[in-house]
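Which chain is which? They are A, B and C, in the order written, and residues in each are numbered from 1.
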Amino acid sequence: MSEPNAPPLEGPGIGKDEWVARVEARTQSGLPGEIRRFLLALPPWARIALIAVPAACIPALTNNGYFLQVAIDTSLFVLLALGLNIAVGWAGLLDLGYIAFYGFGAYGYAMLASGHTGLHWQAEVAIPVVVVATALLGFLLGLPSWRLVGDYLAIVTLFFFQIFLTVVNNGQRIQLPFKKLEAGLTRGPNGISDVDPLNFFGWHLNSLREYLWLAVGAFVVVIGALYLVNESRTGRAWRALREDPLAAEVMSMPVNWLKLVAFAAGAGIAGLTGTIFAAEQGSVFPSNFDLALLITLYAMVILGGVGSIYGVVIGAVVINVSLEVLRTPAHASWLFFIGLVLVFPVILKSWRLRGLVVAGVIGFGFAVHGIVGALWSGGVDGSTTGEAWIDRLIDNWVLLPNDPTVIGRWAYVTLIAAVLGLTLLRGLWRAAAIVPVLYLAACVWENVLVLQPSVARYIMLGGMLVALMAARPQGLLGSPRVEIV
Amino acid sequence: MDFIAVFDNLNWDSFVQLTVNGLTLGSAYALIALGYSLVYGILKLLNFAHGDVFMVGAFIGWGVIGVLGGSANPIVPVWLAISFMIIAAALGCALLGVVIERFAYRPLRNAPRIAPLISALGVSFFLQNSVLLLFSADFKTYNTFDFSGGTLFLSGINWGPLHISLLRIIVIGSAFAMMGLLALLVYRTRLGKAMRATSFDREAAAMMGIDVDRVIVWTFFIGSALAGVAGVLVGLIFSQINHFMGFNYGLKGFTAAVVGGIGNVPGAMLGGLLIGLAESYSFGYISDVWQNLIVFSILVAFMLGRPSGILGRADIKKV
Amino acid sequence: MATLLELRGVTKAFGGLTVVDELDISVAEREIVSVIGPNGAGKTTIFNLITGVYRPDSGDILLEDRSLVGLSPHRITKRGVARTFQTLRLFLNMTVKENVMAAAYGHTRAGVARSILRTPGQRREEREIHRLAEERLAFFGDRLMGYRWNQPAYSLSYANRRRLEIARATATRPKILLLDEPAAGMNPVETHEITELIGRLRNEGGYTILVIEHDMHVVEGISDRVIALDHGEKIAEGSFEQVATDGRVVEAYLGLRKAETK
């Protein structure tokens, strides 16, 4: 099929799909290209150490519980993303039920070691049991993949996730046949809140620092194992399966078995992460395992580069840390302007143009602020919550109405339309149109998005997935892929 | 879901009541399923965002009734108010669908198969959270009962103890009217012929001079408009809507499309009605918690046992 | 010569259409047999039946007197049947060398646990796989050598992709190679090269070869025996000259004009 809107190509290589040629040109360029080359030059153990050592040193730098908590969460996200990458990135199976494995692991540990059931298993027994059980569940969910591929598999696994949520949410009505529990199997939406901390052979993990070390240790073990598997016959077979299941089968690879192993391995890693999560939080709730978590994980796996374990790690770290920064409005303002500075070179090609646009946006902002202030003082009377100089600056530059609710809605919808329209423009028109759009974005950011950080972060994740797929589907560190349809 | 009047004993009346409830719900599912089916037929793409387009439709309907002065005292006659809601939702969603196609899916026409699926997930998430951002997480209500003092519920067909409210008649009636229009469009017009040709073989259709891009845009336009109508109808039946409703209805609609035979127009209608009935009966006779599980089992049974659905033809895989 | 592969009364129908009808074929060890026939004669279906992609409705397929019917494709490949595809199904985003290495899956053993532990056996096996892949690629002269090893398969030219498919098939250590139109889409020079290559595969590699081909020069150049099919039935069998001059074959290819024959 011809693509009428495709930009002219500078000669794709022989036998190379034009779509790939187009994205390939972008991989090798810019900062991601530099990082990619740098990482590829390192030996594998050094790449792992590059991530693990700084993470393990965080407790030496700070005792701030918040930082440690973020570091632990990030490590858990990295583990989850690595597990998801097995099925999605390597074997090419779109698994939307992955969070259920994570939840199963967390609930599994909560059942085996809590006041809820009265069992208080040691971690060295409970963790292997939970991991094996989760892997078996993964095996089971892998079975439909024998008959279903692509979207059908995605929807069945998504339904499985829904079933998991239904079960844990209504678990207060379920009883085990052999043991009567006071509050049913899972206590429903109230969750299980008296989960034991991990206890290895009498060594109790009590502090955040210890959990961080445990999580980093688990990361090193998991990524090392994944690296070795990827370089083995099984790893090659998974990639072959992703490329062409029929050819893989005919070339002597037991495709169905490989699918099950991929599902089970990912599930096992999710189960392990779940146990650490449940013990560290000391509780599990159904709301810990929602659709938002699934999308976040997909965004992590895709941003870094599907199939590349280091890319996945970087994607998880970048996304979790950004989301964390977005929580506080004052930080969010910073992030927005830093983000703009980073995005700028991508949209505009020449330095002169970039300078002109920056000056244009600043000037445009003060002009609009002045005009609106003169005509309608209600339009500029609001103020940001922060006290730093940047907040004062924003107060005088961005339109901050007293009551941004209704205006904010219209501005938000207009902004989306404007950004979409911007992608259709080329050359100077785009540079000119960028000025008001950026200013509008700043207004919407300060008036709407900053006020609801928990929603804004998910909007940005959703938007990022769409934009990435269109602009750089191989992620930051992945290599572009060709598929003959 | 307390809207369904459940009778204590299993008798004929309760069976008929459950059937009517199931058909009402099923006609909404059928409208959603049609959107999935049309798009899948032509692009072989599972449009995850379709459920959220439906949700946006429900919100547009809610917005229109608010602009018209609320359901208790609308500034226009009730029938006109409901028509406005349906038309506005249909047009708004159609536009939304076309925009989604243009910006999220068209750039990925030749990309690996997994790319548009992920893009669709992103769109779905984006829409859901945008609505959450703009309108908060509270349930919004259509206040359906306030329409001319509750006549939508109170009047209707009375037949012994059985009561089919005017509202259900309106919902089923408008859903069937839409499906009839769609059937006419697909089987009687030039555009419909082009759509069928494109769904049969996109490349061949393009070589025969069919403007495939235009056909795809129209497919999104029509499918999304139907989803918008479904959104308003569901809003009218249940009165309450929220930003997350698209997920569940989307899954059910997709199930309906698969059960009927994905890519098959009469199949989607039949599948929708069947899923609605199955859900209503399992609600009435089995349990109100596990109806999703039952719908899920139907889906898996069909996917594994008869992936081509009830009315679909089995494809022969060419190697 | 002993019979290696034998099809006995194999029938396959899709819906109401019989694609392969009561077909008997036997291929002796180290023989090169060509299957010819017009489009839609059921040639590729035979390959799909032998490799287990389809299951025959009736009849039996034997490799060294053991039935292959009902086995999954990867088991059939393990028994010693390897094929290439008419429409080229390489693992496009894997490197050239990895494409060949992946095909060694069937005759290697190390599982996930041993790969993680890097046991001595696993390392030895891994070295063996590398050596095998390099050897198989070297078979094509310098076409697939050197820097090309680490290039993704999609960067190869069309002819090289066909060569890589053959290299990949031989890496499964087959007894019989099924080549589906190896010369399709090639220019005359490349076609000539492929003709020589198929001979070398038998003479140096020791493979038995069943080949589907449309190019009559290739068929003439390589075949010990030719089988002509039409509508799923065998209409002629024998040497190239015998088959090429057979009335039914000519009729199947060119069509029969009733006025001329009467």
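Rule of thumb we're sticking to: contacts are C-beta pairs under 8 Å (C-beta built on N, C-alpha and C of every residue); 3 or more make two chains touch, one makes a residue touch a chain.
Here the structure is a predicted model, which means the values were calculated and not measured.
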| item | value |
| --- | --- |
| Per Cα centroids, the chain farthest from chain C | B |
| Pair exhibiting more inter-chain C-beta contacts, A-B or A-C | A-B |
| Geometric centre distance via CA averages, chain C-chain B, whole Å | 49 |
| Centroid distance [mean C-alpha coordinates] between chain B and chain A, Å | 30 |
| Chain A-chain C separation of Cα centroids, rounded to whole Å | 44 |
| Per-residue overlap in chain A, given as positions that touch at least 2 other chains | 17, 246, 481-483 |
| Overlap residues in chain C, where contacts from two or more other chains coincide | 53, 85 |
| Touching two or more other chains - residues of chain B | 319 |
| List of chain A residues in touch with chain C within their complex | 13-17, 20, 225, 228-229, 231-237, 239-240, 243-244, 246-256, 261, 265, 479, 481-484 |
| Chain B residues touching chain A - in the complex, by the definition given at the top | 40, 45-46, 99, 103-104, 106-119, 121-130, 132-134, 202-203, 206, 212-213, 247, 251, 254, 258, 289-290, 292-293, 296, 299-300, 303-304, 307, 319 |
| Interface residues, chain C side, partner chain A - complex | 51, 53, 72-74, 77-78, 82-83, 85, 89-94, 98-99, 101-108, 110-112, 115-116, 118, 122, 125-126, 129, 152, 154-158, 161, 168-169, 172 |
| Chain B partner contacts - residues on chain A that touch it in the complex | 1, 3-5, 17-19, 88, 92, 94, 144, 147-148, 150-152, 154-156, 158-160, 162-163, 166, 170, 173, 246, 291-292, 295, 298-299, 302, 306, 408-409, 412-413, 416, 420, 423, 448-449, 452, 455-456, 458-459, 461-466, 469-470, 473, 481-483, 485 |
